[in-house]
Amino acid sequence: MIRFECDYNEGAHERILQRLLETNMEQTSGYGTDPHCDRARALIRQACDNEQADVHFLVGGTQTNTTVIASILRPYQGVIAATSGHIAVHETGAIEATGHKVLTVSSEDGKITPDQVKAVYQSHMSESSPEHCVQPGMVYISQPTENGTMYSKAELQALFETSRECGLPFFVDGARLGYALASKNCDMTLADLARLCDVFYIGGTKIGALMGEAVVILNEALKPDFRYMIKQKGGLLAKGRLLGIQFETLFEDGLYLEISRHAIDMAMRIHDSLEEQNIRFLYESPTNQQFPILPDHLLEQLRSQYTFSFWEKVDDTHSAVRFCTSWATRRENVDALTRDIAQLLRETSKAPLLAEALV
Amino acid sequence: MIRFECDYNEGAHERILQRLLETNMEQTSGYGTDPHCDRARALIRQACDNEQADVHFLVGGTQTNTTVIASILRPYQGVIAATSGHIAVHETGAIEATGHKVLTVSSEDGKITPDQVKAVYQSHMSESSPEHCVQPGMVYISQPTENGTMYSKAELQALFETSRECGLPFFVDGARLGYALASKNCDMTLADLARLCDVFYIGGTKIGALMGEAVVILNEALKPDFRYMIKQKGGLLAKGRLLGIQFETLFEDGLYLEISRHAIDMAMRIHDSLEEQNIRFLYESPTNQQFPILPDHLLEQLRSQYTFSFWEKVDDTHSAVRFCTSWATRRENVDALTRDIAQLLRETSKAPLLAEALV
Amino acid sequence: MIRFECDYNEGAHERILQRLLETNMEQTSGYGTDPHCDRARALIRQACDNEQADVHFLVGGTQTNTTVIASILRPYQGVIAATSGHIAVHETGAIEATGHKVLTVSSEDGKITPDQVKAVYQSHMSESSPEHCVQPGMVYISQPTENGTMYSKAELQALFETSRECGLPFFVDGARLGYALASKNCDMTLADLARLCDVFYIGGTKIGALMGEAVVILNEALKPDFRYMIKQKGGLLAKGRLLGIQFETLFEDGLYLEISRHAIDMAMRIHDSLEEQNIRFLYESPTNQQFPILPDHLLEQLRSQYTFSFWEKVDDTHSAVRFCTSWATRRENVDALTRDIAQLLRETSKAPLLAEALV
Amino acid sequence: MIRFECDYNEGAHERILQRLLETNMEQTSGYGTDPHCDRARALIRQACDNEQADVHFLVGGTQTNTTVIASILRPYQGVIAATSGHIAVHETGAIEATGHKVLTVSSEDGKITPDQVKAVYQSHMSESSPEHCVQPGMVYISQPTENGTMYSKAELQALFETSRECGLPFFVDGARLGYALASKNCDMTLADLARLCDVFYIGGTKIGALMGEAVVILNEALKPDFRYMIKQKGGLLAKGRLLGIQFETLFEDGLYLEISRHAIDMAMRIHDSLEEQNIRFLYESPTNQQFPILPDHLLEQLRSQYTFSFWEKVDDTHSAVRFCTSWATRRENVDALTRDIAQLLRETSKAPLLAEALV
C-alpha cells in the first residue's frame, strides 16, 4: 500500500534522527530550558528577522491552536475563522472546551477576506446590546489553508491591517507553513510573515520532524506568561530538548525549506500529470495537498493500492479526493500513482459517457 | 555538571532509538491506528493479564491526568487526591481548567488512606444540602508517590475497595510506575495493579522513552469515546506510531522492568551510602527518588557540580533535597556524588556543632 | 413611548404580586425546599400529566439553557440547534463557556427538521475518524421559535423520534411556551409536550412572572444531581420560594394559559390589521412576535412614539422589524400602533413607487 | 417552627414590595438599562462617595462571585481565599467550573492576613519554574466573613496594600455587607470600603431584597465589558428593573443600614442573653450570625421548635451551631429562643457533669 492520505505517514528526516542519536546521552534540564532549545529559538528568530520574537515549542497542532487561542481571548470572546478552518472542524471542540466560540465565516477555498473580518466585527459592534453576543476577539487563518490554497503577501498584509483596525490579534496556523513558503507561487518569506501577524507557528510534525510546532509571538502584549498556558494545556514536554534538537536541525542550514521544496515538486508532479489528462481540481492548490476530481469507480480501484482522503462528492459519479505529498514522498511512488490513474482513465475512456464528464 | 534533579535528563534508551531508525521510512496511518500501536497495545494487555483492557498512548503526564480525569467526572464533581499529588500542585491548574476541583486530603508522605477517602465521601453525603458542595467523583493516587513512597498491594486493594463502596472510580498515576514495580519492597505486579483500579497509566517519559504514557482502562464504563477526549485535549499524536514503537520496545522482552531496576539499584546505592554516613531522609523511599536532609552549606558547595531539587527547609541549617536516578543514570556519577558528599561531610565534621545536627 | 420591543417590559401579573405580598413574612427554608415550590411542582406535574417528572425552578433563560445543556453533554459533545437558536446567537457564548460547541443547522424560519438532525448525526458517525470532530450529543429547539413560528404536534413527535433513534436527548426551550400553547394554530398541549421530549422548560419571565423558568425533566437518566448543576451555574435562588409562589399562581387555575391567550389576541390584532393594509411579514407567526416588513422611512417616524426591534434589511427601502405582545399588552396601545402605521402608510401611498414595493 | 437557620427566610422589606407594586405596569427597557437601575446606580455611587464607580446588578451571591472572579483572572491564575471562604466550600465548584483554582489559606475565624497573601505570592514567585503552578491572580475576602467576624478598616487597608504590592486585584464579597456596616464595632463606612478594594458587592438578598447583589467596580482596569460576563454567566436579568427598584428603595434614604441595624440588635440580644448564661461562642461575632456552643441534648430539644444550622462538633457532648438574624427577625422570636435555651439549661444544670462543661 502506497500512502498519500496525509503528510505524516513516515517518521522524521534522517538528519533529525541522526542528531537525536548523537545527543541522546547528553544531560540537560527539562521543559525547554536546555541549550538545544535556546539555539533553535535563536535560529528561528534569525530566520524571522526578529530578535525580539518569543519562540516556544509545543508538540502538536490542535494543542498549539488551543493554547494560543485560549491565551489571547477574554472569556466572552470568540475567534473568527473560515468554516473550513482546522479549529472549526477537526479539533473535537478543543477551542470550545476552553470556553470560546469559533465565529465562522464562509469560504469557498479555505481563505477569508478582510471584508469578512470587518463585517463580523462591525455587525457585532453595531448591535444595540452587543453584550448579548460573543465579542470577536481575534482572527485565525491557516497558511497554507486546509484546502491547499495560499494567501499572497498582499492578502496577508490586508488581513493584518484590518485585524489591527478592529483591535483583533491576528494568528496564523502554520502547521504546513513550509509547504506555503516553498510553493512556486509564494511571494512571502518567513520574515514577511513575522511582520504581518501577531503570532504564528511553524509546523514541524508535517515537515520533517517526529513531532513539534514552533510558536512565534511577535506582539509584546501576547508574550507574558505563555509558558503557564503551555503547561496547563499539557504541551510542556518534559524532555523539551527533543523539540529543540529537531528545530535546530531544521533551521541551522535551510533544511526546513529544502525538504518543503521536495514536497512541492512531488505535488506539482501529481498536479501536472493529472492536468495533462484533463482532470479538474476542486481547489487550485500550489502546495502539497492536491484535490483532483475523479470518477468514483476509478477511485474504488485505486484504493486497492493507494491510500488517499475522500473529500466530497462532486456529482453522481465523481468525487474530489486529497493526495498529500511531504518531505518524505518518493518520486517512484508519485510516478506509480499518476501512471496508474492514467491507465485506469484509459480503460474508462472506452465508456464514453464518463470521459465526457472528465473534460 | 552531573544531573540528578529529575528523571528526564537524557533522551531515550538506545534500543528505542534504534527501533525508531529501523522503522523510520515505513508508511503507516496516523493517530495511533498503525500496527506498532496495535502490537504495543497487545503487549501491554498481556503484561496486565487482561485481554479486555483498552490501551491508549498519550504524550505527557499532565496531559494524561487531565484527559483521564476530565473524561470521568461530571461537571459538579471533584477528584480526591493528596495535597502533594501532582494534579494538586504541579499542573498549573490543568484539572481546574477542565472545570473540576481537586479535593485534597493531607498526607505526610504522599500516600492517602481508605479512611481519608471514606471521610471525604461521607462528610459530603451527610450534608443536609450536599448540592452546595462539590461532589466527590473519583480518587487519584500516584504509584509511586511524588515523595518516592509506594503503596503495598494490600493498601492498593483497600483503597480500591473503599472507592468501589463509595462509587468512585479509582485512578492510578503511574508516571514512574516502573520505579515502583522494580523496587525491592514491591509486592505488586502490573497484573495486580490492573485488577486493583479502574484506570492507570504506565509512564514512558521517565522510564526509557523519549516521551509517552500508556493509559490502561479496565472499567468498561470508562472506555467509550476516550479517543475523543484525547483528541480534544491535544494528546492524539499525528505520528502516533512513535508512541507505539516505543512501548513495543519497552514491553516486548521486559526492557521496561529491566531498566527500571537499574534506576532502583542506583537510587539504593545513593541511599545506602548516605545512610552509612548517618544522613537522615525526609521520606523513606524505596524508589528512584531519594530525599536526604543535608547541611545547607554542603548543598551550596555541591551545587557547583551537581544538579538536584530543593525540597524543603528542615531546620535553620538543613534542607531536604531530591536526587533522582533513572534508567540512564551512570554508576560513576552516583559514586562521584556519594564520594563528594562524604568528602564535604568530613570537612564539615571538623565543625563539631554541625556534625551533631546530622546524627 | 409605547413599548413593543420585547415581552418583558412590565413587572408581573397583579395576582402574582398580590401573592408575594400575602406570603411575604412567612418563614420558609431556602433554595426551593419550601412548601410553595412543592405545590408549584405538583401543579406543573399535574398540568403535564406526568407524576414522575422532576420540576426545578431557575431564574432566567440563558441560565436555564446553559444549565440543562451542560448537565446533559459529555465534554466532547455538542448540541444541535438552528443557526437562529437563542443558544447560538444571543447568549454571549454561554454554551461554549461550559465547553460545548453549538452544532448549527440552517433554518429559514427558526425551525429544524428530523432530516437535518439525522444528517448531522449520520455525517458524524460515517466519518472514518469521528473522534476528530465534535460528537452530536443532544438536540435543542425553541417552541415557539425565535421567529415566532411553531412546531405542530406531529413535527415535535417526528423530531423526538429521530432524536431517540440517534440516541440524542431532545430539549425544548419554552421561554415563550405559553405563547405557543395559546396560539390558535396550536394542536399541542402541555401534556403532549411532556410526552414528546426529554426535558423542556416553561417560561415565566416572559409570561406573567417577575422572573423564573420551570424546568421539567422527563427522562430518568437526566434527573440525578440536577440541583448540583443549578447551584454551580448560579441558578439556585436563596429565596427559592419566590419562584414557587409565582408558578403556583400561574398554574393553580389556568392563569398561565389565560394571560398567554391575551398576548396572542393582541398579536393577531396587529397581524390582521397590517395584513389588511397589504403588509407582508418576514415569517408567518401565529404567536406573540410579529415580523412585518415596513418602509424604512415609516419606521423612522414610528420610532418617535414606539419601541420595536429591528430585525433585518429586506431591500433598499424596507426592513423587517419585530413587535412583541405579552400578557401585559394593552389593547389601546395595539390600536394606537396599527392606526399610526395605517396613517403613515396612507401618507406614503402618495409616493407611488414605495406603495408598489409593499404589495 | 421559628427559623434562625439563615438570613433569607422571609420575602422582602414591605417598602420594596410596595415600590414593586407602584411601578409594576411601567414599561421599561430590559437588562438593567431602565431609569430605576440608573437611579439605583447613582444612589450607590453617592453612598460610596465615588462618582466613577461602575455599578451592576446581579441576582445571587454564587453567580456574583463567579462572574467577578472569572472576569478578572487569566486562565492560569487562581484566587486566594480563606479555606472557609464561600467560594471555597459552598458554591459547588462554581469557580473551578470557570477554570480557576481557589488557592486556600488557613483561617481560624474566617479572616486572612496580609502576611498570608504575601506568603502565597512570594512562594509562587520564588519557584524556579513558577509556570508549573497556578499563578495567584487576585485576593478574595468576605466582609463580614462566613463566621460572623469582621475586618477593621486598618485590616482592610493592610490587605489592600499588600494585594496592590503583589499586583493582585482585591475583591470583597459583601453578601452580608450591611451586617458589617451596622455592627457596633464597625469603624468602616461604605465609602471607606470603596477606597480600600478594587471591586466589591453589596448584598441585597440577605438584607431586605427579594434577591439581588450590587457589584461596585472601582478599578478602571476591571470595568470594560463586564456586562458580557454578566450575560454569559446567566446573571443579566431580563426585567433588570426589579433589581434597580429594590436597590433604589434600599439606598434612597438609608433603609439598607437601618434594617441592617435591626438585625444586629437582634443578634446582640441573642449573644448577650447566652453570654449571661455562661455559654461560650465558637467565634466572637459582632454581626448577624452567632455561633454558640451548646449541649447536644439541649440542641436536640430545641430543634422541635426552632431551626438553626449545625456548625461543628466541639467535644463529645457539645456542638457549635449558628443562629442568624436578619432585617426581618422578630423580637418576640428572639426572646422566645433565649428564654427556651435558658429554661433547657436550667433543667440541664441538675445534671452537674454537663453544667461544668458549659463554664
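Here are some notes:
First chain written, first letter: the chains are A, B, C and D, and each begins at residue 1.
Definition applied: a residue touches a chain if its C-beta (ideal position, glycine included) is under 8 Å from a C-beta of that chain, and two chains touch if they have at least 3 such contacts.
Every value quoted in this text rests on a predicted model; they were computed, and no experiment measured them.
By the document's definition of touch, common neighbours of chain A and chain C comprise B, D. Comparing the centres of all chains, each the average of its CA atoms, the largest separation from chain C belongs to B.
Measuring from the averaged C-alpha position of chain B to that of chain C gives a distance of 52 Å.
Our note on geometry: chain A versus chain B, Cα centroid distance of 35 Å, whole angstroms.
Computed from the mean C-alpha positions, the centre of chain B lies at a distance of 42 Å from the centre of chain D. Chain C has residues 75-76, 91-93, 97-99, 131-132, 228, 231-232, 236 in contact with two or more other chains. For chain B in complex with chain C, the residues that touch the partner chain are 31, 70-71, 74-76, 98-99, 129-132, 135, 225, 227-232, 236. Looking at the complex, you find that chain D touches chain B at residues 75-76, 78, 89-93, 96-102, 131-135. On chain D, the positions that touch chain C within their shared complex are 1-3, 5-6, 8-12, 14, 17, 20-21, 23-30, 59-63, 66-67, 91-94, 97-98, 205-206, 210-211, 228, 231-239, 241-242, 307, 328.
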